[in-house]
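Note that chain A is present in both complexes that follow, paired respectively with chain B and with chain C.
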Partner chain A sequence: MLRYIIRELLRHRLGLICLIILTVLYAATILSQFLAPYLPTDQDLKHAYHPPTKIVLQDWWPHVQVYERVDPSAARYEPVAGETVPLRFFAPGEEYSFLGLFPTNTHLFGVDEPHRVYLLGSDATGRDVFSRLLYGAQVSLSIGFIGILVTMSLGFAVGSAAGYFGRYVDFLAMRLVEFVIAIPSLYLLIALRGALAEYFDPEQMYLLIVLILSLIGWAGAARIIRGMALSLRERPFVLAAEVMGQKSGRILMRHFLPNLASYLLVAATLSIPVYILAEASLSFLGLGIQEPGTSWGLMLKQAQELKVFTLGLWWLLTPGAAIFVTVITFNMLGDVLRDIVDPRHQMGED
Partner chain B sequence: MSQSGSAITGWDRLGRRGPFWGRVVARMAAALLVAALLGCSSGDVSRLEREKYPIPRDAEVSQAEPGRYGGVFVRAASQQPKTFNPLVAQDAYSSQAIGQFLNGLTTYHPIKQKVVPELARSWNISEDKKTITMRLRRGVRWSDGEPFTAEDVVFTFQALFDERYPNRYQGQYTIAGEPIGVEQVDEHTVRFTTSKPYSPFLYVIGFIGILPKHILYDAYQSGDLLQAWSVRTALRRPERLVGTGPFRVRSFQPGQRIVFEPNPHYWRVDREDKRLPYIDYLITRYVQDANTQTVLFASGQTDIASISPGDVVGVRENADLHGYTVHKRGPASGIHFIWFNQKPGTNDKGESYVAPHKLDWFTNKRFRQALMYGFNRQGLAESLYFGRASPLHSIISPANERWYNPEVPKYHYDPERAMEILRSEGFQRDEQGRLRDSEGNRVTFRVYASEGDETVPRILSAFRENMTRLGIRVRIRYLDFGTLVARVSRHHKYEAAMMGFTGGPDPSGGRSIYLSSGRLHVWNPEQKEPHAEWEARVDQLVRASERTFDPEERVEYVHRMQAIFSEQVPLLYLLTPHEYTGLKDKWRNVRIPSMGSAIWNIDELYLRAE
Partner chain C sequence: MHRSKESAQEETVAQAEEVDRLPPLPAGETPLVEAEGLTVHFPVRGGLWRGVRGYVRAVDGVSFRIRRGTTVGLVGESGSGKTTTGHCLVKLLTPNRGSIRYKGTEIGSLSKRAFFPYRKRIQMIFQDPFNSLNPRMSLQKILSEPLEIHFPDMSARRKRERAAELLELVGLEADHLPRYPHEFSGGQRQRIGIARALAVEPEFIVCDEPVSALDVSVQAGIVNLLQDLQQELGLTYLFIAHDLAVVEHISDEVLVMKDGVIVERAGSEEIYRNPGHPYTMKLLEAVPRL
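Presenting the complex of A and B:
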């Protein structure tokens, strides 16, 4: 089944493109410490709101243009004619642990101090937007996966149990689902965030937010899975397994899960962007990730200022582009997956 | 009483004169008809017909250029007043609205930088400095035409000292444990007595707007004074909001705007005997978001706005198009700081407020000085504020030119010096570069802050980076403002926090910060006896400055007090952003002071002839 989906996906042009984009994004996220020239907290107060540095070819080697600040009051920088520094690959920088395996200080690229390379400019305290974007992706891109992991497991556990066992289990589970759905989630988020903020550092806020988001997000999935489980329960192979005396847990895992897999896959793909957007909007409202942490939503929030437009600091809006691309790709991938899965989605007909 | 019948049709839901419904309806109909006939050709607003009343005998003659009547002044505020009752008002937005229609006895003149008469005409201070006799302006009338007398003054103080009506002025007007005594001498003279000589008296006495006895006496008698003059009053019966100020409330629409019109009985006139103010309507629109306020101003829709340092360049681009100027005001008057909890001892549950080894660092002035040297405030001024801010060096902002001491010890960014000091106090860096004290404890602390606007997290992130360079680990936790205040002022369970205070023109406003017994002496508040030797010295200087009536001597005491604070740095000062105010060029008689409201003399502003 899985092999079939992958084969079909690779054959599908749109699906292939989406898959490639997402692979690149996630690879960049995993390797962010290596790819980013600086730490996301690394500030340089002399280079605030620095525009993206130009890369020029000189003697067949890429060089980074040097800028000087001509007007601090308008954050205006001008390139210094003729002054460039060579871009170094595998340059030494801040120490980190490569994929958590071994410590190293090699970064993909960098320039010699005191110059700095800003591929996507710098922010209010001279931090590299490119590095922050990569580190921010760790939050923004993983939040969806952790989120669906929790919601889908919870949704499957509650939904399939309700559908399979029926009666009072079903009744209790569905009342619980209705209760969760009835909670106004934005207010709950604001309240929980306000009540718990005192006990968490900004760095831990990330986990808190995933947890809150997924604990109120599983109910919808549980309801649909329950419906599908209800119809599966009457199918001959399930009845056969019951007659043979298989345990309920085994039936759920061996017979229900594979039959629900295609739905779970599509639903998961389509709900990842929901989490990404939820994180972005929460951070935008000031309820999400906080300084000195970084996420795309937080970076966008910090760009929500008049001066970004009046002074033309467009590079501060790049996290918005990143969110846009990611969400669109996930949605298209979900669509393609549904097209592939649907023909075989013939439950209750054989 | 021929009055503003055909005024702004759109704004006013009901005319001002409540009882005469028939007339109101008729007038509104007429106004609508006129407006419909004229269309919008004559502009949005028609001229205000002024009521003519005799000029009071003791009217003050404004020395400003005589102008002409007319014009609408529009400004934006982020919040609407929560009350129109000065005894209830706690926030700046309510106070600002109340200030338009109520006057105090004295007021602070921001250009002359001294206390000038308002409803009082003149005053005498007795030999022993404990009795102040104030003569009131004669002939002044309330905005409803009733005469203003000493009875109103006595009533106001009687009301604010009444136990049934707790309010913030009670503390302000209690000097050395005794409330100020007030008695009426004759119809236009009041005598104040204080138990001890108190030099900021003339400044402080102007804080409370004098209330009209003929309007509020019934509510006072029945115990409902705090319910009087609420937002409902402004909504339903704005004519009940009677005052002596330049304006009176014309209409109030919650969440949208408040419209003021000139008080026809106002007591200031110009040199040509024309009664002030010149402006026909003063409108405050409620716009919550600061960015939106700036955009409104930059697109010519409001007459005045405060512009943040980062937006100055962008807003100036439209200056010619919409005819405004962005004025530089100089440093802001408030102070912002990070501070360490220095409260010794334990709470009821036996937990110490601060871990003992940390308390040792926090109470060590050399530790605090080292952190000041290690904090790149100049860099922050250049980056975050676009060079439009400067590091703060004293507990009084340089905006307050009269009291600011430019000679205090200063801490310029010097990480090496910071390290040196830390080493001399027994701190050492281990192999990983982490700072440890002489007993081997890792130096780390947690700062609590309220997110507020965008600058707070950025300042704290920069502070954290700077401290990391010294090997100090700073953790930051954001709380909402109420929780933060409760934590630092009630539970005292925290290591460090970041906050700010607004500044006033006279240092007597800061006494609860300076005095060791003060409520806002945040690092160790409400001490029975000064805990540290230097705190005892500060206490003496503050008390001495309040006893002496010699202005030079007072300044000297306040300067010495600032020097002690800057040497001890119980507060790690942050930055003072420079203030910018955008104002339309069409207004004349504008005199922008270095601190306080830019339109403090709004009664004198008039519209330039086209």
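Presenting the complex of A and C:
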């Protein structure tokens, strides 16, 4: 089944495009320490609100344009004509641990100090937006995966148990689901964040957010899985497993889970954007990731100032674009996957 | 229509007393399976509080005996309660009333846990070969599952060998093991279902319409396979079907069921030649003739 889905996905043009975009995004996230020229916390107050630096080709080698601050009060920079510094590949920089395997200080590119390369400009304290975007992706892109892992497991556990055992298990589980769904989620998010905050350090906020989002998100999945479990329960192969004396837990894992897998895959893909957006809105409200951490939502919050709009500091809004691209790609991939696993597309395949 | 709970229960009691009694057993003989006064009532719920509004009497005081090594056919139209009767024997359902004895031991009222040892002795073959095999499991996994449950000490290699043996026993090939159910035809899938039931070396198999979903040309193959296996392994069958012709071919004794009650019981040839109940005659008329 998985092989079939992958084959069909690769054959589907839109699916392939989505897959490529996501692969690039996630690869960049995993390699962010190597790809980013600076640390996300690396400040340079002399280069606040620096515009993206031009890369020019000189003597067959890319050079970085040098800028000069012309108006210290308004953060205006002008390129200094003719003055460039060569871009260095595999340049030494801050020490980090490559994929957690070995320590190194090599970055994909960089320039010699005191010059700086800002591919996507800098923020209020002169931090490199490009580097922060890469580091922020570690939070923003992983939160969806960890979130769906928790919600889908919880949704499957509650939903399939309710559908399979029925009776009072079903009754209790479904009333709990209705209770969770009945609460407006944004208020619940904020309330849980407030109630649980004191038990977590600011560094553990990431964990807390995942926990909160999962506590809200499992209910919808549980309800749908319960409905599917109700019909699976009557299938003869489940009866056969009961007749041979298989334990209930094993029946759920061996017979229910694989037969719900395609639904879970589609549901998971379609709900990853929900987590990305929820993290972004929490951070935007100042309830999510805290400094010195970084996430796309937090970066957007910092771009809220009027200055960003009056001075046209567009590069500070790139995290918004990143969120947009990720969310829309996941949604399209989910749609393609749904088309693929839809039974009508599987005529003659089973 | 809207009977109260009490009156519905009273009727149940009244009905149970009309149960047909089995003739006394010849001295010293214990049938393999014996059901007496088997009754299954499904509550019909309705209304705001999902209260019980009445009962569907799916099986209503059914008694029969199955001697070791024989086949008893159970015929009836859909909704007659024959599948429900079969489900009681394999403990997919617990009867509301009546007893099921296996070699003289009461098993009908056992808890699911206490019934577990009997799962190795009593197995079931299902009607729908397209739904009775998990589409996400290879034949190897399908056939290993019962082995894992009832022979926990069996090594992985031995399980593979046993699965291959089982496939050959039902007329398939050992190299089909890594394949998935959708690669097989209906008849082949039913053979896989039979192999799965045989995996635990059962004594008694409830065959729930094993051929009725199959093409007529394939039916004979499956029926012959079941007969051969009976000879070879000394199996005892309860063969459920709605088609008298199939049942007559394989059974030693035939029970005709209608609306939850057995309306006629006779030797298979006798029932064919001399049907006693008008319903049996109707079933016989429904048999297509060449």
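Everything that follows uses one rule, which is that the second predicted complex is superposed on the first by the 336 of 350 C-alpha atoms of A that agree within 3 Å, B and C clash if a C-alpha of one lies under 4 Å from a C-alpha of the other, contacts with A are read in each partner's own complex, and residues count from 1 in each chain.
Here is the rule we use: contacts are C-beta pairs under 8 Å (C-beta built on N, C-alpha and C of every residue); 3 or more make two chains touch, one makes a residue touch a chain.
In this text the structure is predicted, and so the values were computed from the model without any measurement.
In this overlay on chain A, chain B fits alongside chain C without clashing. With both structures placed on the common chain, the touch criterion links A:10 to neither chain B nor chain C. In the superposed model, A:207 lies in contact with neither chain B nor chain C. When the two structures are aligned on the shared chain, A:235 is found in touch with chain C, with no touch to chain B. Shared-chain residue A:302: touches chain B; no touch with chain C.
Once the two structures are overlaid on chain A, chain A sits at the apex of an angle of 130° toward chain B and chain C, using CA centres and rounding to a multiple of 10. Counting the residues of chain A that each partner touches, chain B and chain C differ, and the larger count belongs to B.
Of the two partner chains placed by the overlay, only chain C lies in contact with A:246; chain B stays clear of it. In the superposition on chain A, A:197 makes contact with chain B only, not with chain C. Distance between chain B and chain C in the overlay is 47 Å (nearest C-alpha pair, rounded to whole angstrom). Touching chain C in their complex are the following residues of chain A: 1, 235-237, 239-246, 254-255, 258-259, 261, 349-350. Interface of chain C with chain A (complex): residues 90-92, 116, 119-120, 122-124, 126-128, 131-137, 145-146, 149-150, 180-182, 193, 196, 199-200.
Listing the residues of chain B that touch chain A in their complex gives 291, 294-295, 310-315, 317, 376, 379-380, 382-384, 386-388, 451, 454, 457-458, 460-462, 464-465, 475-480, 483.
Residues 41-43, 45-49, 72-75, 124-126, 194, 197-198, 200-202, 286, 290-292, 302, 304-307, 309-311 of chain A are the ones that touch chain B when the two sit in their complex.
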